[in-house]
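The two complexes that follow have chain A in common; it is paired with chain B in the first and with chain C in the second.
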Partner chain A sequence: MKREKRIKIYVVILLIIMPGFLSGCWDSHELNKLSIVSGLGWDIDNTGKVTMTYQSIIPSEIKGSSGSNGGGEQKGGSQLSAIQLNQDTGSSPYDALSRYTQHASRIPYYEHTQIYLFGKEGVQRGIYPFLDTQARNPVSRPKALMVVSAEEKASDILGIQDGMENIQAFGMAAEIKLSATFSKYPEVTVLQFQNRLLSKTTAPIAPMVGIFEETGPEGKKIRRTRVVGTAVFKGDRMIGQLNERESSGLLWAINEIKIGFVMIPEASMEIVSAKSKIVPELQGDQVKITIEIDEESNLVEYRGHQDITADLVHELEKGQAKEIESQVRAAVEKSFALDADVFGFGEAVHRKYKKEWKDLKPRWDDIYSRIEVLVKVKTHLNEIGDVNKALIKD
Partner chain B sequence: MALEKGRISNFQLSVLIIGFVFGSSVIISPGGKGAGHDAWIACAIGLMEGLLIAWIFTALTKQFKDKTIMEINSLVYGKILGKGISLLFIWYLFHLSALVLTNYTHFFKLQIYPATPNTVTLLLLILVCASTVGRGIEVLARLSIILVPIIILVVFSDTLLLIPHIDFNNLMPVLDVPSGKLLLASHGAASFPFAETVAFLMVLAFVDKPEKAPSAVFGGLLIVGFMLIMAVARNAAVLGPMAEITIYPTYLAAQVIDIGDILTRLQVLVAISLITMGFIKITVLLYGTVLGLAQVFNLHSYRPIILPVGILMVIFALTNVGNTQEMVDFAEQGYPFYAIPFQIGIPLITLVVAKLRKLPQTGGDQV
Partner chain C sequence: MENRPISSQQFSALLFLLLIGSVLVYVPGITAAQSAWIAILAGAVIGIWVLYAVISLHEMFPGQRITQISTLVLGKVPGTILNILFLWSIFIFACGLLYDFYILLNFINPAIAVEVLCFIIILTCVYCLYQGLNIIGRLGELSVWISLIFLILGIGIALPLADFSNLKPLASAWKPLAAGTFFSADWPFAIVVVLGLFLPLVATIKEHTKQIYGWYLISALLLAILSAETLAILGPELSESTRFPLFLIYRLIGFGEFRRLELIFLFLWLISGITPIIILYQGLNFIVQDIFRLKDYIKLILPLGLVLGVFTLYMFPSDMLYDILENKYSPLFTFPVNFLYPTLLLLAAGIQKKRASSKSTPGSAPARPEKPSLPATRPR
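Coming up: the complex of A and B.
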């Protein structure tokens, strides 16, 4: 009897307490109160003021626009159909954010930010305010991409609508990922950037995105974005950039080649698989680095009017190896000129010679440009395509 | 006068040990600070030290079957000194669980529930723990059989999903830190979490086959040790140098998981592991504290003091450190040394004194 009474009291207490928890989270963020930021632009001017450009998604525009996009026309003449740009300047990133709240109806939500875009001007002064906020803030994602704008301001690029994608920043992220898949330019996540920064000797890198103009139908000018280079950092400051060829060379050396093409004057080869290794060797103070590259490819174009012979295949393999080597050489020479260890040679030496590294590390900047670099490329041409005779012979 | 009538099997003991050691180390890498990318080596050495400490305290319980450390102390040192030492040990259990709770609040405040007051998080947790403690050790042991395999699965699948992101270059060169620093980090890994199993001095008395209890403890420690070494090595291999400067590396590593843009943002799994394993750890510690108090003060039941002690733990957890950095500082610099007298000192001295006094006397049934 007593026991039953007690249980009844417990049940009543439970019933009183439970509604308190069933009401949901008191700090919930409803979707219609959020401005989902797809890309975040950073500009830092010479007085250290930070300008943040928020590219936010307008959810109501996403639903309707999929049909009209199929027709290839832009909605209502407006270039920015599904995104909205907001800009604010403040003495620090959070100061800029606090100003944002004065004119925005929704709070920014960073969980889906795919791109951090840095204006060229600011990136040459250093992006430490960004790196600190990014690492400290638990909502930021380690896998968002770092991108440097080839234009002066980040906002120049964030405002350009690129045909295929509704949300420009997502489109740009896809653009960069595709160029990395085809081994043109690196794809650098925030985590990779931070790790290069923390290693002290390795120079951080990031792809650069620029604008190019196209003439569309009816003579209308269409502005699009494209990846144009690789920015090289020293610490948090950009000190130079690699062009297309040098960027490819860099990717060959750091084992980031996935698929893509190697072009030599008489033929084009499609890369099937590629592996590379950085092998350091230490003789006193002289550092010798051997970059060993192992590549397999298929022939996709042949411009000479000859039948394919075994000798010709060997020649093509050699020509290909020479081309790869020259790309790597170009990257090495540029990195020597910038005195920035983009390849992580220092870390490679560290891994192999941990005792000597203690002595080398503080002097690495001086040592770096005196490194002797050897490039060894092994190539193998697997398939030659469906024909082994030329259609038009000489 | 039996305060605890329940008995747990040796297998349940092993599983309980696994859950206990996972505790808060599922989010904080043991040995992670100071040893850099060699943290997994520090963790391995720490595991060995932990096994050694486990050997000491299991030897003690082997000597005194069916007795908790409180009863052993009374037998070995006499009534007054024994109770004093018992109270010290109870203090350690109490303090440790407050530390785990503190850990909990800081993690949740930062990562999951930024706006929820710490008091609410902790009260909800301690109510569940108190209710479990009230039902005795048997219920907890059975619960751990359900919870621990799930978390083992989570840790394994986390690692599997991170395989594409693992870069073994991040672990090279092996043994990069000076050996002094490495040993310090190893001792840190031993004191948190492996040697904390010394709290099982309150539980080992209720194992149904006491002669096999040591191997159950070692088995549990080895399994959880290998899981943790794997997790620590994985974190360093995935995150690179970032693993050392971030406070919660496992959480950051889980954020990296991305399988075809579909299987992403699994970090909440890490939070779930912390909730469940932290629950087991706090429950064991709360159980040890209240049972110890009941035995020292000859109470008829430990149930009435569960909630008061639990609330005191919450208050202590809310006030003992001001901010996360104080907690991290204490965990790194203070705790490894602070814990020595409790983890090694009390069991070892008690064992030596018991051997010298030739206790327990055969045939003589004293309590």
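Coming up: the complex of A and C.
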């Protein structure tokens, strides 16, 4: 009886204490006090000052309407719009962030940040301070995308209102993901970038986004963003870039081809599946790499006037293999010119020759440009579409 | 009728949760880099000896806790000295687990102070222990399947993210592999020595020894798979440098546009994170009870819990100090104690038994230690 009474007292005490812990008052994040950062821009000038550009969503202003002011570019927070752009400059990323608090009334919330955009000038100076800040901060999402601006400043890109999305950063992330799905440019998350950075020999990469102008229906100039290349890093500094063809070649080599098209003069083929393997071979001090690619595709466009025969299919397969090989060769040559192991050849050698790697690793930069690369492509054309005869014959 | 509040099924469940829950926040044996999973399997072999020693001791001295066997076999003074070393080793483990757990909770809820989290955990454990030992058994039995399902679900969902080339080259150098084996043998496998304090409370252990070894092997295998997957997803460097690699992996997974699934797996951490703390905490109660020869451990629960909480907060004021102490220095003490303590007792018990049987006259029954009464527990 006494014991039951004591338990009752404990339960009452517990009930009084528990609401304090469970009500969630301490770490509440009210929507009307947040500015959700959808994209974060990072620039560094020649004096070493860091400028952070925040593309923020003001949740209370989103009522299914357009983003900022429709049609044009986003305004820098001069009027209360759903999407706002703010900038701060400081001696480091956190200094810039601390200055944000001097003029903002809402707490920046990074849990939904889609992209980290780096100005061209900044990436050439090195982005280590930013990467360190991101890795240390538990709220940063590891799946956010790394993007390099083809323009001088990250803010130039974040200010463009473009595409099919109200929120530019979300639109840009979707653009990059789609270009990666169609095997044009790589999609690189913060985590993948960090992994390449940590490997010591593999060069980090990131897609580049630039601005292009086009004339709208009423003759009005419209500025839009598009993926234009792949930035190549040495350590944390950007040292060069791959164009569209070289970027595709890179994706073929590193087994990142998903779907997409292979175009040869006579026809276009839709990629159904593709697999690739990097096979290293060590002959004394000479490293030989064989890139083995196995691809399957369907014919979607034929510009010739012959009926589709087994010989023609064979010809098309050969043409396709030649095109893929030439894309990979272009990427290899560019990576040799930049002396940056974007393919991860070093890691492949490490995996196969663990004993010899100790000796090779410190000299990898010297060895890299002397590597002999062999590209072997097997292509299979599966389907030719609903017609097997040319509509207009020769 | 003997009162044994824990069934062998519940005991096996506790063993599983002790091993899995102890290491859910990091990759054991990560010193071996991409070969950490091999180090785990090698560490499990060392751990199985500890388990064997503990079970054998129980068979030789049924109804006695390992700390009681220690004074019985080695004598009061040497036995008590070993028990004090054992107490300190278990205390360090309990502090480490408690710290890991509240830091993980603080990582998820940064606004709640670590002191508050620490004492919420301690008070939860205190409440559980006041309820009696069969509650711990029931907790294990209840949570083991849920934990297992969540664990396998997590492994399955994260599998598409894995790049198994990250696991190569295998065993590239023997030194890191040996270090990894040592560290994983220390934490979590040698920790099973604490179960020597619970064995007298388990019913029908002799008939279910295979079941216990089976659950031990399942835990070791799951830990190896989990580590291999973590390494395959994050790579060895990032797995080592990230504070909570498994949590990071759960942050990466998602179905289509559904993200933030890590919070679903919080259940796994809450259940399997708190169970090892409860087991070690109860272990501490038993050891202190035996060292001071107290009739009951009930009065020790709250004071020991407060000591554990305060000590943890002061012992690890920062992650850096935790890393230095728990990952560099404490294994040099805890592993020898946890490995040698049951080994030494088994050897001594074996020698004692031999001597006793050689002294006994032919035809008479071999001398056996007097069957002691069951340790004081709190049956409910």
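As a convention for this text, the second predicted complex is superposed on the first by the 353 of 394 C-alpha atoms of A that agree within 3 Å, B and C clash if a C-alpha of one lies under 4 Å from a C-alpha of the other, contacts with A are read in each partner's own complex, and residues count from 1 in each chain.
Just so we're on the same page, a residue touches a chain if its C-beta (ideal position, glycine included) is under 8 Å from a C-beta of that chain, and two chains touch if they have at least 3 such contacts.
Remember, it's a predicted structure, so these values are computed and weren't measured experimentally.
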| item | value |
| --- | --- |
| Fit or clash - chain C, chain B, common chain A | clash |
| Which of chain B and chain C A:K354 touches, first, second, both or neither | both |
| First, second, both or neither for A:P138, with chain B first and chain C second | both |
| Chain B versus chain C as contact partner of A:K393, first or second or both or neither | neither |
| First, second, both or neither for A:K2, with chain B first and chain C second | neither |
| Which of chain B and chain C A:H103 touches, first, second, both or neither | neither |
| Contacts of A:S199 with chain B and chain C, given as first, second, both or neither | both |
| Shared chain A surface residues [contacts with chain B and with chain C] | 26-27, 138, 141-143, 191, 194-195, 198-199, 347, 350-352, 354 |
| Touching residues on chain B, where the partner in the complex is chain A | 110-111, 113-116, 169, 172-173, 175-176, 239-242, 245-246, 252, 255-256, 258 |
| Contact set on chain A toward chain B in their complex | 25-27, 135, 138, 141-143, 191, 194-195, 198-199, 347, 350-352, 354 |
| Chain A-touching residues of chain C, taken from the complex the two chains share | 107, 109-112, 116, 120, 165, 168-169, 172, 234-235, 237-238, 241, 248, 251-252, 259 |
| List of chain A residues in touch with chain C within their complex | 21, 26-27, 138, 141-143, 191, 194-195, 198-199, 347, 350-352, 354, 357 |
